[in-house]
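Each of the next two complexes has chain A plus one other chain: chain B in the first, chain C in the second.
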Partner chain A sequence: MIARLLEGVPRRGLVCLAALFALLAVFPAFAGGYLLSVGFLILYFAFVGQAWNIMMGFAGQLSLGHSLYVGLGAYAAAALYVHFGISPWIGLGASIAVAALAGAVIGFLAFRFGVAGVYFAILTIAFAEFARIGFDHFRWVQGSSGFFLPVANYTRNDLWNLRGSPVMFYYLMLVMTAGAFVLCHALLRSRMGYYWLAIRESPEAAQALGVNVFRYKMVAVVISAAMTSLAGVIFAFYYNNLFPEQIFHISRSIELILGPIIGGIGTLVGPLVGAFLLTGLAEGMREAMLRLGIDVPGVKQVFYGICLLLVVVFLPHGVWPPLARAFGLERKG
Partner chain B sequence: MPVEVYFNVAASGLLTGLVYGLMALGLSVIFGVVRVVNFAHGEMMTLAMYLTLVLFGALKLDPLILLVPIAAVMFAFGYLLQAGLINPFINRPEHSQFMLLVALALILVNVQLIIFGPDAKGIRTAYSFDSFQMGKIIVDASKVYAAGAALVVAAALFAFFKYTLLGKAIRACADNYDGARVVGLNVKHLYALTFGLGAACVGAAGAMLMVVADVTPAIGPAYTLLAFVIVITGGLGSMPGALLGGLLIGATEALGGVLFTPSAKSMFAFALLVLVLLFRPQGILGRKAA
Partner chain C sequence: MLEVEGLYKSFRGLHAVQNASFDVPEGAIVGLIGPNGAGKTTCFNMIAGVFRPDAGSISFRGKPIQGLRPDQVCAAGIGRTFQIVKPFAGLTVLDNIVVGALLRSKDVSAAKNYAAEIMERLGLGAKADQPASSLTLPDRKRLEVARALATRPKLLLLDEVMAGLRPTECDQIVAVFRELNRSEGLTILLIEHVMRAVMALAQRIVVLHHGEVIARGTPEEVVRDAAVLECYLGEETQV
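After this line comes the complex of A and B, so read on.
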């Protein structure tokens, strides 16, 4: 199993990955509170980017409504914890179930009725918006006034109830991101992974070769939704407050897919690189603004937008593919 | 509540819907010809609304007159955007085009935020508080004027596409890209013209909407979504479809707001969108298989 996973991966790539993981693992020892929160954000975006990439990068289905799965996962686990005191480790089962079900419903409707391309993308936005407005009026989780998790000063980390210091969340996110990376690598190497790539390149040709296009597209949506909902659980317990207006908002969906697109769609390292670049850029700019004493809301985002524009215009396949070529880190065989 | 209330609300929703329809018409024209989904559409709409605000403050002219210069400015903006930025993306994958326009939308929203601040701004005209009465139905005068102007602009655009040589050339590009190039049409230029026309629709719609609604930079993405919903309901790429979609969504939202709670009104628009996508993905007036 492990031998199969490592097959064709350049040794230099493995060394780099191991070094990166080690670096991230010792990072909290050196980083203060602020840097640690930046590190957490990078890992968070790398994780959700990886999850989204399964649907878009592997199976070629453009979802612009992934905030739906983040929100459903967050609300499901948080509501079970607040109302019944159920540990998020059990609650995440509900999160996965709800998000996977939502993904399955959207996928079923879209793929059965032949909704594809731009129309599919807009259908996913519509469902996320629908959920946003619906949760605004969902009394059980306090509607638009926001759902809060009880917060106290923790003297020790309670991993079972996910109550504790940012360091605990950082390591949790690191394990999840590493896990997602390995899972995506394994998926891409599996029979299904090849089916996905075939579907992405040409659904008609894949169908003609006997690939059950409908089934494998469904599997991609469900896996992607379930993974994304896990990020939602962490989000809920890390930030301790949930507002439908924020968590389901379309800007969240877009924020989450910028990483993999900037990094390189369909690549394993792309979401990671994209998360590093974008979060680093955003936080770096915030810092620069503070230093320069510029306090005009919007300046940061304009600069961010210009950077995005430049990357899209000059690096159409993302940042990672040319980097990988330059350093000889491409997969062989 | 008396029944007249519903009629009043529906009538007012239909009138606002026509203005929304004109905005969506711009999106539809752009998609129908250039095949690019303009994710910065709502941000262009707020840009036009702010232009109206500034010109109204400076010149004290009626927004319904201002709509002509604003449409012209937006036309130039759209032309340059397509010629300079979007044309190289014509043959790139959808997600790449999407990223380009999202980046543009981000820049537009935040430039507006820097210049105009986050607060809602509106204008008062001489007829802001007038109303018309037809039988038992009472509607705001400003909505009637805005809807009338929307119809005039839409009619002009229909005539342009149907009767002028340039309009026919643009339709040829939409029908057959390669064929249009073979007969010697300058497709890149025509695409830029089309984007300009779409932006001009937005400009005109923005000027009219300013008569009936306030503007904030943050509302841009909501208008983008609204335009998507309308255009897909009516049929992406169909011009009458956009207007019909506008009417439908305008009335749906208005009635949904009264029958349930106003904050849930866009839920009905999205529900309508989902139904249309599932049962008639090409839209009510759209042609099968794009």
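After this line comes the complex of A and C, so read on.
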């Protein structure tokens, strides 16, 4: 199994990944509170970027409404915890189920009735907007006034109830991001991975080769939605507050797809690189400007825009593919 | 092996195929010819499951297949190529063929081995790791054939795979089909404009004109048929 996963991966790539993982693992020992929160955000965006990439990068289905799955995952686990005291580790089952169901409904409506391309993207936005407006009036989770998790003093980490220090969340996110990376790597090399790429490149040709296009597109949406909902669970327990206006907002959907676009759509490392570049640089720049006494609201968004523009014009396949070529890290076979 | 019976298809009042009937016996190579717009590709698309016929039946190895989806038709044992080639442009040549091979072997490494065999057979071995987008047109046509063959079809539908090939390239690919037909009993139905290829390959020919079958027989019979000459060259007029 492990030998199979490693087959064809360049040795240099493995060494780099191991070094990166080690670096991230010891990072909290050196980082202060602020740096740690930046590190958490980078890992968070790497994870959701990876999840989104399964749908767009592998199966070629553009979703602009992934905030829906983050929000559903967050609300499901948080509501079960607040109302019934159910641990998020059990609650995440509900999160996965709700998000996967939502993904399946959207996928079924679109793929059954031939909604494709930009029209599919619009449909995904529409469902995220339904949820945003719907949750504004959803009394059980306090509607538009926001849903809050009880915050206790962090005397010790309670991993079972996800109550604890940012360091605990950082490590949790690190494990999840590493897990997502390995999972995507394995998916990409499976029969399903080949079929996804074939569907992305030409659905007609894929179908003529015996690929059940509807089924494999559905699976891509469901896996992507389920993974994204896990990020939502962490989000809820990390920030302890949920507002429909924020969590389901389209700007959140856009924010989470910028990483993989800038890093390289359809690549494994792209979402990782994108998250490092965007979140790392944006936060670094904001911090530097604050130190210089310049406080410009919205500077992060302007920075995102500039990054996106540069990548679209100069590196249309993202930052990672040319880097991989330059360092001999392309996969073989 | 394939029986097509009374097939009709119209597109908004245009009768693309009218009452077309023909059959392809097991182990045969049958050519489907006719002038542009005769309905050949429409016939193909109905067999391959892209279009549902308005009327008529198609049966393959004794089972009706009209109305099945293209992937179900492929799984039943009919492979096809596209007239306008549709490579998976971003994938390597080998990976293109692996997608086809995965239909019968669920195991990826077994599929890779089989795909590599097919790739060698069609002379694409040297280009295994190139992206399909970098191939020339003749190579893209070969890739179409390789992908379809990788699904291990019993019947192969070839839609103008020789068009745009040089005569020597055409002869090479004709030799490949002959070999597959002889050694593995592969049945082939081909649409072709290149008469050199049709005459060399087909044992029987069906001629379509305005969506109707106007002649059928051996290549020698068909090229002497008055109705066939008329539809290709026009009516003979006495001056």
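Simple rule for what comes next: the second predicted complex is superposed on the first by the 329 of 333 C-alpha atoms of A that agree within 3 Å, B and C clash if a C-alpha of one lies under 4 Å from a C-alpha of the other, contacts with A are read in each partner's own complex, and residues count from 1 in each chain.
Note that a contact is a pair of C-beta atoms (placed from the backbone, for glycine too) under 8 Å apart; a residue touches a chain by one contact, two chains touch by 3 or more.
What you see is a predicted model; the values in this text were computed from it and never measured.
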Partner chain(s) touched by A:115 [first = chain B, second = chain C, both, neither]: first
Which of chain B and chain C A:261 touches, first, second, both or neither: first
Touched partner set for A:306, first chain B, second chain C, both or neither: first
First (chain B), second (chain C), both or neither touched by A:134: first
Which partner, chain B or chain C, touches more chain A residues: B
Chain B versus chain C as contact partner of A:201, first or second or both or neither: second
Touched partner set for A:251, first chain B, second chain C, both or neither: first
Touching partner for A:189 - first (chain B), second (chain C), both, neither: second
Footprint overlap on chain A, where chain B in one structure and chain C in the other make contact: none
Contact set on chain A toward chain B in their complex: 56, 62, 64, 109, 113-115, 117-119, 121-123, 125-127, 129-130, 133-134, 136-137, 144, 250-251, 254, 258, 261, 265, 296-299, 301-302, 304-306, 308-309, 312-313, 316
Parts of chain C lying in touch with chain A, wherever the complex brings them together: 48, 50, 69-71, 74-75, 79-80, 82, 86-91, 95, 98-100, 102-103, 106, 108, 111, 147-148, 150-151
Touch list for chain A against partner chain C, complex: 189-191, 194-195, 197-198, 200-202, 204-213, 266
Sites on chain B touched by chain A in the complex: 31, 37, 85, 88, 92, 94-96, 98-100, 102-104, 106-107, 109-111, 113-114, 118, 217, 221, 225, 228-229, 232, 236, 261, 263-264, 266-267, 270-271, 273-274, 277-279, 281
